[in-house]
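Common to both upcoming complexes is chain A, partnered first by chain B, then by chain C.
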Partner chain A sequence: MSGAELAQIAVNAVLLSGILALVALGFSLVWGIMNIVNLTHGAFIVMGAYLTYGMHELWHVDPFLSVPVSMAVLFCFGFAIQRVLINQVIRAPLLATFLLTFGLEILIVNLLNFFFKADTRSVMTLYSGSGFTVGSVRVPYIRLGALGVSILLVLMLGAFLTKSRLGRAIRGTGMDIDAARLTGVKAPAIYALTFGIGAALAGAAGSLLSMVVPFDPNLGGGYTERAFVICVIGGLGNVVNVLIGAAVYAVVEVFVGSRVPALSGAVTFGMLVLLLIARPQGIAGKSAS
Partner chain B sequence: MRAFRIAFLLAVFATLLVLPRFVSSYKLLTYTTVLCLAIMAQGWNFIGGYTGYAAFGNVAYFGIGAYTTGLLMISKWHISFFPALAAGALLSACVATLLGVPILRLKGHYFAIATLGVAEAFREIAGAWDRVTEGATGIDLPLRSDSAFYYYTALGFVVFGVALTALLAKSKLGYGWVAIREDQDAAKMLGINTTMFKVAAYALSAVFASIAGSIIAYQNIHVAPNDFFKIEYTLQMIIACVIGGTGSVWGPLLGAAVYQLLSTFVWSHFIELHPTVLGGIIVFFVVFLPRGLMELLRRFAAVLKGGRFGSDVFLANIRASRLD
Partner chain C sequence: MKRTLLAAAGLLLSAITALAADTIVFGAAISITGKTAKEGEYTRDGYQFAIDRINEMGGIKVGGKAYKVELKYYDDETKPERTAQLIEKLINEDKVNLILGPYGSSPTGTAAPICERYKIPMVEANGAAEAIFSKGYKYSFMILSPAKNYLRGVLDTILKKDPSAKTLAILGENEAFSKEVAQGAAEYAKERGMTVVYDELYPTNAQDVSALLTAIKGKNPDVILGSGHLQDSLLIVKQAKDLNVSPKAMGFSVGPSSPEFRANLGKASDYIYGATQWTEALKFEGDDPWKTPKAFGEAFRAKMPNYKIIPYQVAESAVAVIAYQKAIEKAGSIEPTKVRDALAALDMMTFYGKIKFDSRGVNIYKAMAAEQYHADGIKYTVWPFDVAEKGAMYPMPAWDKR
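Right, the complex of A and B next:
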């Protein structure tokens, strides 16, 4: 492998890790605070992608400007789903929420397939495909922009969770729900808020992904898996863990993808299983169980 | 009541026995598929229902069974079907034991995803190991045009599964599983060798999945990675268990039948929205009837004995597990 090739792989990994961090951020939040592995996460991502696509096709909204809109829409959607459905079984054994979010994923993805068909779409703007080069390494503008938005959202969430009263209520509920309720926190409202934020972040990730990769309604499942792997690598607990997990995962995906593409899934999952067995709390995290 | 139940079961069994005489051989293939779903669901019931471990990768053993059977039958020794099926089941049990020891140390979500990962890894290995499995093309099995053979084989294993489940549910093993499901630490304190019990449940579920895989492989006469390692099979066995009632002897059987009825109905009426309706069914059962249709039957039985049906049947779960 030449030096130039290695440099390009490194740059690709950095650009990828930004979006992946955003993909995993909402997933990690919901898992860490509510102890729910939200298998609907991928469907939220796809919904974000279609919102951006729709706004771009109908009103020629710049895809970067549609990010806040899809975040707002998905926040409301996630809030409602938590309030109406998930909250009803949240204290049941774990299989319940696992199956429930899985059923919702099937339902949403199939409805998207029904309305939009399985055609592959992509959001093309005037600046799609253009970029700059440093030496022999190419950096597309869109991926750089997506990385910027991702970093911004990660920092905003980090600040919200640590600095604001509401954010601290969320973290407190995640640490000990009974103690939080004793201090006057309305746990169901906090849970709905958390799930809404998780969905909103998925929506943002979907909006960004719609510019970067071609998508169809079935795109989401793969990203739910990635989000899970990233959370396992980084561990739960705070946004820094997500960043570490995303960075490690991006390096592995880019590297394995360029060496043995046929077995990339087996390698990733093999790594995951080994990591789970050796260090269930992740490289950087505390135990979540 | 007891006599009525026995008479009913005998009638159902007799109907199943004479069924091949009255339906077309194409229809019979569908019925065999349902029976195989029941076999897989019975297997999943051991680990997912009784022991309470959400295994999401049992399709791995379905595929291993299918491939082992196929490869042995077309090998130069031309091994016949039943020994090949047994070899597949044995291999699945060994793989499940080897993987189960480390994986079953994981809890909750981690266990679920690790099993999912195992299944994905096996699918890719089957697709990439060209010299043995012919890669994505798959292998062809010898043809056997006797569809009643598959049906009776599957029916035999379903009956065996019911008998085994009923036997184990009242044994030390079965009680140990339930104890682990309810409180693993307490079970350990009582002197239950939790690792051994869990691995036994997992290996048993693998054997059943493997048997179903062998039968389906022989019936379809073609085994390819994407047909036999697809996650839909894992889902079907879980959904069948949830619809019927997890952790019960008859639940998986009832669930497989009802799932197939619903699925056929939905296919013929809303073909494009089939997964939507399926997703809706999952959501309905998880929220309103998590103990499955067996719970309804139990309540009907209580009414027949002069008890009350209970008006809270669909709301009991929500009352117990919602967060106010």
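Right, the complex of A and C next:
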């Protein structure tokens, strides 16, 4: 392997990890705070992708500018779903939320299939495919932009969770719901807010992905899976863990992908299994006890 | 009173069976959702189009009696294990007469042993992996050219334009059909004196192939071939452009032939070659309701105006129904084993090409074709050379020089 190729692989990994971090961020938040493994996450991502696609096709909105719009729409959607549906089963065993979010995922994907057909879509802009070259390393503008947006959102979420009253209320509810209640936190509202933020982040990830990969209503499943692996690798608890998980995942996927691509799935999941045995709380996570 | 009621019920029952007996029902499990949802839609539309046409022409004639034909299908969600369950259900519960294949080699591979077990024939039009037919099945028939031939035409076209094209990189999806396509292309390239500098498989549902493309870029090949499905081809072109991986020619087994290829890539699809089982430019004179590729295309568009370009999956699926029609008429029976024997002996010309099966049940007698997108946004048949609509454009300019 030449130095130039190694450099390109490293850059690919960095660019990929940004977008993967954003994919996993909302998933990790919902899981960490509410103890819900949200299988609808992938469907939210696809909704974000379709929103961006729709705005680009209809009104020629630049895909990067549509990110806030899909975040807002998905926030409202997620908030409503949590209030109306998930709150009903949040105290039930894990299986109930599992089934509910699984069912929702199927429902959303089938509705998207119905309205948008199974046609593969891509968002193509004038700058799609262009980029700049440093030495022999190629950096596509869109991927760089996606990385920038991801970093911005990760930082904003981190700041929100640690600095703002509402953010602290969210974290407090995640740590000890009874104690949080005693201090006057309204748990159902906090849960809905958390779920809304999770959905909004998924929407942002979908908007960015729509520029990077061709998609159809079935895109989401694979990303729910990736988000899950990243959360397990990094560990739950805070934003940094997600970044670590995404970085490790991206390095493995890109590196193995360039040498023995047929094995990249086996290697990632093999790593997951080993990690669960050796360090079940994740690379950076704190153990539960 | 009771007796009359019973008699009436009996009458009604026999009326229903009589009605059912006048209809031949084809069962199919097709990917209406999932990864190959679009291709599944083409498959269904092809089946339905041929079935409607046969009914318009009075149905299938068996010993002086005309049978209406009907399609009963379920969505297999692009999950091969689901396909197997559905085929079993179609045979056992729905009591369909005959089976039409699913979309894709993996689902076809799981459907074949079920048909074998129940001794119900399956004519399949969308599973080109020969591995399915190496197991000695007697009831499965492949209407299309096998996977290993897919990219030959593309290589022939490139090598005619530039005999000095020497190096080839292949990236393929890690599943039965695409693997055979890749192997076939590599073998043929070596036969023609090329060197395969990169040959790797990526996982099904890959969302990122930039790692493979980076490795390929390091080898600087003259030609890059991809063997996967539509979404993979789109992803490879997009990311090749992102990373400025610019070979002299680029071709794919599946993808360019669908209208969505251009719709998704726009100008980026210029210069790209695609393998295809069939195009409207081919010249055949067939013994079927449409006779020529051109007439088939026109008739299909008239009925389904949302199709501007007709993907080959539509044609091959339609011709599978025609093969059944011919075989049933020849057998003079709708008995599955007799239809099977008639299929095995079938030798006919159609708008789609020759239909004849070797001892395994593979139609090795039909050739592929190759197409290329030109700058006017239209894809032209560039191979076989004798029916080519236009000469190939070569070489492909570098992405950053366009």
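By definition in this document, the second predicted complex is superposed on the first by the 286 of 289 C-alpha atoms of A that agree within 3 Å, B and C clash if a C-alpha of one lies under 4 Å from a C-alpha of the other, contacts with A are read in each partner's own complex, and residues count from 1 in each chain.
Note that in this section contacts are C-beta pairs under 8 Å (C-beta built on N, C-alpha and C of every residue); 3 or more make two chains touch, one makes a residue touch a chain.
Owing to the predicted nature of the structure, the values given are computational and were not obtained by experimental measurement.
Q: Between chain B and chain C, positioned on chain A by superposition, is the outcome a clash or a fit?
A: clash
Q: Under the stated touch criterion, which partner chain does A:182 make contact with: chain B (first), chain C (second), both, or neither?
A: A:182 sits against neither chain B nor chain C.
Q: Quick one: classify A:222 as touching chain B (first), chain C (second), both or neither.
A: Only chain C; A:222 stays clear of chain B.
Q: Would you check which partner chain A:110 touches, where first means chain B only, second means chain C only, and both and neither mean what they say?
A: A:110 sits against chain B and chain C alike.
Q: Contact-wise, after the overlay, does A:102 reach chain B, chain C, both or neither (first, second, both, neither)?
A: Once the two structures are laid over each other on A, A:102 reaches chain B alone.
Q: Name the contact category of A:94: first (chain B only), second (chain C only), both, or neither.
A: A:94 sits against chain B, while chain C stays out of touch.
Q: Going by the contact rule set out at the top, does A:232 touch chain B (first), chain C (second), both, or neither?
A: Touch partner of A:232: chain B, not chain C.
Q: So, does A:126 touch the first partner chain B, the second partner chain C, both, or neither?
A: The answer is neither, since A:126 touches no partner chain.
Q: Considering only the touch criterion stated at the top, classify A:134 as touching first (chain B), second (chain C), both, or neither.
A: neither
Q: Determine, for the stretches 220-228, 256-264 or 310-318 of chain B, which one clashes with chain C when the structures are superposed.
A: None of the options clash except 220-228.
Q: I'd like to check the shared interface: which positions of chain A are touched by both chain B and chain C across the two complexes?
A: Dual-contact residues (chain A): 109-110, 113, 262, 265.
Q: Which residues of chain A touch chain C in their complex?
A: Going by the criterion above, the answer is residues 1-2, 4-5, 8-9, 12, 16, 109-110, 113, 117-122, 124, 128-131, 133, 138, 140, 142-143, 212-214, 216-218, 222-223, 253-262, 264-265.
Q: Which stretch or stretches of chain C touch chain A in the complex?
A: Listed in rising order, the residues of chain C that touch chain A are 32-35, 37-38, 40-41, 171, 174, 200-203, 205-212, 214-215, 217-218, 230-231, 234-235, 238, 241-244, 260, 263-266, 268, 399-400.
Q: Within the complex, which stretch of chain B touches chain A?
A: Of all residues in chain B, those touching chain A are 48, 52, 54, 102-103, 105-110, 112-114, 117-118, 120-121, 123-125, 127-128, 235, 238, 242, 272-276, 278-283, 286-287, 290, 317-318, 320-324.
Q: In their complex, what parts of chain A are in touch with chain B?
A: 31, 37, 85, 87-96, 98-100, 102-111, 113-114, 187-188, 191, 228, 232, 262-263, 265-266, 269-270, 272-273, 276-277, 280, 289
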